[in-house]
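The data blocks that follow each hold one structure.
Here chain A shows up in two complexes: once beside chain B, once beside chain C.
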Partner chain A sequence: MGHSYQAVQWNPNKKRYDALLLVSVVLYLGVFLGVGFVWFPEATAETLLLRALGTAGFLALHVILCIGPLARLDRRWLPLLYNRRHLGVTMATLGLLHGGLALLQFHGFGDVSAFESLFTSNPRWGSLAQFPFQPLGAAALVILVLMAATSHDFWLANLTAPVWKALHMLVYVAYGLLVMHVALGALQVESSPIPLVLLGVGILTVGGLQVLAARKDRQVDGEIGVSPGSDTGWIDVCAIGEIEDGRARLVLASGERIAIFRDGDRYSALSAVCQHQNGPLGEGRIVDGLAVCPWHGFQYRPKCGRSPEPFQEVVPTFPLKIVEERLWLDPTPLPLGDESGSTSGGGIRA
Partner chain B sequence: MRDDSARDEFFIGWQAEGPPRTMRFVRARVLWWIALALGVAVLAAISQRPFASSNFEFGAVRTFEGVLEHVPFPVLVVDRPAADPAGPSTSRWLLTVFGKRGAEPHTRPFDGARVRLKGSLIHRDDAVMVELLPETLAVLEERSARADDASAATPITLRGEIVDSKCFLGVMKPGNLKTHRACAARCISGGVPPVLLVRDESGRATYFLLVGPAGEAVNERVLPYVAEPIEVTGSVSTRGDLRILRADPEAFRRL
Partner chain C sequence: MTVPQAILGALSVYLALGVLFAIPFVLVGAGRLDPDARQGTWGFRVLIFPGATLLWPLLAKRWAMGARVPTERTPHKEALRRSERAER
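Let's turn to the complex of A and B:
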């Protein structure tokens, strides 16, 4: 997996994104503190800061969880997905500051260590209304910080993709823990209905978008599904002119997504699952003769499935043949890096 | 839709500039999101539960004089200004030290003495506490003659919430209820006097210093009950302007 993590580099887009992110966070904290002090002159700075940081981090997590499904529903959101890592690190930092401040304020300077106090100061584990909500926040924080710390592609390469992906699926666990952290904590105490409404809107937005995106994925799978045309395993995909130049046609065969890319009159079948983070390679394009993943721009040679040097990712390739102007696919993967599956349409253009 | 053609564009993150229509789409929406986030900040800020008008004069050190007494928590008995001839002639101020700690280990050797000390005021309604700087404790008179103004005890049953006197009187806002529970437990465990906070129908608060049946400290035993509604049966007496509730934590009842 060698040098793959060098793929992430700085460019003007990324710098603008980071600058805007930083300005937004500072504005959020400033508005919360400013409005808080004007509205409640009796308030203490520590409490306002604690709440500003907590709500900012929780809001940022909502944004993060919305970007994925939005990008699946409409690819124009993809630029936000590309830089999502920085949003994640920012969110974890806000959570860390909030949690650190809470640990100091509520548990520090006492007769036992702050960490021991975090888990022992409220013994009401058996009650829902009195349940210790702070350890829930702490558990979420551990997940978020681990994710942030391992978010760089260096770790993706070193932890191996399955471990890394499992770790990053924990973001949903962290979200659930934080919902409980807020519902069993601040919401038990606040007298206004607004916090409850805000939390409800947040959960519905994240949940709703996830459901919509999952439904769209199922629809796409339904459209691309084909069944084997004969017992030899070859599948009749489509007429060769039907695939737009530079794009791919998706096929779902034996539960696997396969992308048939067309570059001029050459057709190549690749696994449609990007080796980087399982991105939808089949929704990518051919740019400069390479299949490019829409998520973070990883590139693969259509013929052999290998990333260009120095990158070392490889996606499986599949045999293709053209019979009477129609494309046929054998969904049995070739040995990694095998070029023999690719076929030329003999100059026929759509 | 004007931006529809952006669907044909292909964004590649590592390229210096993204495709124009896609980037316009994203920029417009990101600005809306930022506006929305600031709206959330305003809503979240103004929907907080109102803050108490208690006060901790953090960093403001003053000098106080009075007689040290232990009930069993240390209190400083200070003379009231003569301006109010109808009221009691003294006030009792609870003492604490920095952090989630009681002052008793520092004050015990000077029990009954008239002392001078430095510290910062913590106050709420007419209850006062001093966070004392222990090294400033100086004895003015070894044994101070002073009238014992304790009343007889009367049996009573009260409903309220146990808070730690230090945070509730002003160091933390909020200094009670569930979000503050852990901190209250830590303070009480560290020796800060526990107080039963009782509110009448109009919301006016009365504080009862909480001790065991024999007037002993029962801090460790009240810990499981802090910051939630409970009913306490015991006997109440006064000592100057302090209300002291003697009760067995065994008989506390959660509501």
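Let's turn to the complex of A and C:
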């Protein structure tokens, strides 16, 4: 990063995002409780609160899982991605409140400890209708809390983005556990088909968007794919001028995407993987002479791959040359921070 | 002692050790590993406390070894390492 860590680096966008998030959660809980008291007068306040917190958290998890693929499919969803970590921490908090209340209500006043009771009070593992669904929720909660606890940029820097990302991919395991928690728990005592339909719509939406986004990624990789010799030797990328000004052309080489940015008549090749969360830097644009990642606005100087001071992120750069009005790329990375790779349309000729 | 009791007991010990480790870590250790954490705000230290409690064996090892912020392993950074090794 290159500057002292704060709890949150607030800016107007984050404040708006969090305010909207807070209002949405309060509104959801209020409406759920209000409607619940009217429609289910026999339900206790604790049960309604338990369900309000659980469904709010589960709904938030669906939104979280949809934001990523939606942003991959259509850039207009990117603003939702910008502060997704706060949504994740909010979701984990709702889950913790739901789990804590359930632990207290169902296991808090027995002869054995609440945690022991959680895992031993229902031994009917072979029964579908009476399956011990609560441990499934507890396991999911452990994953979600681990993710929330490691959501700060300190962890991103000190675990490194690939490890951090792998850790946070556990969200899909948590989602699977929660689907089973709901299906084997609340749905077993539900007489109305509406919750089952809602769960099905949720699973299909999350799964469908993930498939569509993966298909688009494969399509992009297919379009930019180059010959097997792409890890060594110069690659003919395209004619100069074919790249839209301020944007990048992607090339798949040396095991990852390389982004060739055009800024006026200057071309620079950067590793297309943002050092922050490994975002898709190659889908960003040049703003004020800097390549900006579309996910969280991390900036890199196209010539050397370094972030402007005081930040210390750096991505590899690659040599470029222009031969007979065509752009050629050497996929062997230059030493970090090296400025010799970029070229201009009116400059270097091989 | 039953199996669930043994597992819960082990988890309790792990988390208790984590809390004991996390206190000096957020005050001193984080700054040793990452220079950006030296002047970190109190809010930042509170926020990394749960993570330090959960990941304490990893952090304790890195703190004891005097490790600094690691370099990420992406295909391009690995390719750079390989080409630098080949040049030496």
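In the analysis below, the second predicted complex is superposed on the first by the 327 of 350 C-alpha atoms of A that agree within 3 Å, B and C clash if a C-alpha of one lies under 4 Å from a C-alpha of the other, contacts with A are read in each partner's own complex, and residues count from 1 in each chain.
The rule we apply is simple: a contact is a pair of C-beta atoms (placed from the backbone, for glycine too) under 8 Å apart; a residue touches a chain by one contact, two chains touch by 3 or more.
Worth saying up front: this structure is predicted, and the values here are computed from it rather than measured.
> After superposition on the shared chain, which partner residues are touched by A:278: those of chain B (first), chain C (second), both, or neither?
So A:278 only meets chain C here.
> Going by the contact rule set out at the top, does A:107 touch chain B (first), chain C (second), both, or neither?
In the superposed model, A:107 contacts chain B only, not chain C.
> Looking at the overlay, what does A:256 touch: chain B (first), chain C (second), both, or neither?
After superposition on chain A, A:256 lies in contact with chain C alone.
> Please name the chain, chain B or chain C, that touches the greater number of residues in chain A.
B
> Look at A:115 in the shared chain and tell me whether it touches chain B only, chain C only, both, or neither; answer first, second, both or neither.
In the superposition, A:115 touches chain C alone.
> If we overlay the two complexes on their shared chain A, which of chain B and chain C does A:160 touch? Say first, second, both or neither.
Touch status of A:160: second partner only.
> Determine, under the contact definition given at the top, whether A:79 touches first (chain B), second (chain C), both, or neither.
In the superposed model, A:79 contacts chain B only, not chain C.
> Could you say whether A:321 touches chain B, chain C, both of them, or neither, answering first, second, both or neither?
Touch status of A:321: no partner.
> Who does A:152 touch here: chain B (first), chain C (second), both, or neither?
The second partner, chain C, only.
> Which positions of chain A sit in both the chain B and the chain C interface?
Common interface on chain A, chain B vs chain C: 7-8.
> Show me the residue ranges of chain A that touch chain B in the complex, using the header's touch definition.
Counting only chain A, the residues touching chain B are 7-9, 11-14, 20, 24, 27-29, 31-33, 35-36, 39-40, 42-44, 46-48, 51-52, 55-56, 59, 63, 74-80, 82-83, 105-112, 117-118, 121-124, 129-130, 132-134, 185-186, 188-192, 194-195, 198, 284-285, 287, 292, 294, 296-297.
> Sort out for me which residues of chain A touch chain C in the complex.
Touch list, chain A to chain C: 1-8, 113, 115-116, 119-120, 145-146, 148-150, 152, 154-155, 157-162, 231, 254-256, 258, 271, 273, 275, 278, 315-316, 331-336.
> How about chain C: which of its residues touch chain A in the complex?
2, 4-5, 8, 30, 33-34, 36-41, 43-44, 46-48, 50-51, 53-55, 62, 69-80, 83-84
> So in the complex, which bits of chain B are touching chain A?
Residues 3, 6-7, 10-18, 22-23, 25-26, 29-30, 33-34, 37-38, 40-53, 98-101, 172-174, 177-183, 185-187, 189-191, 223-224, 228.
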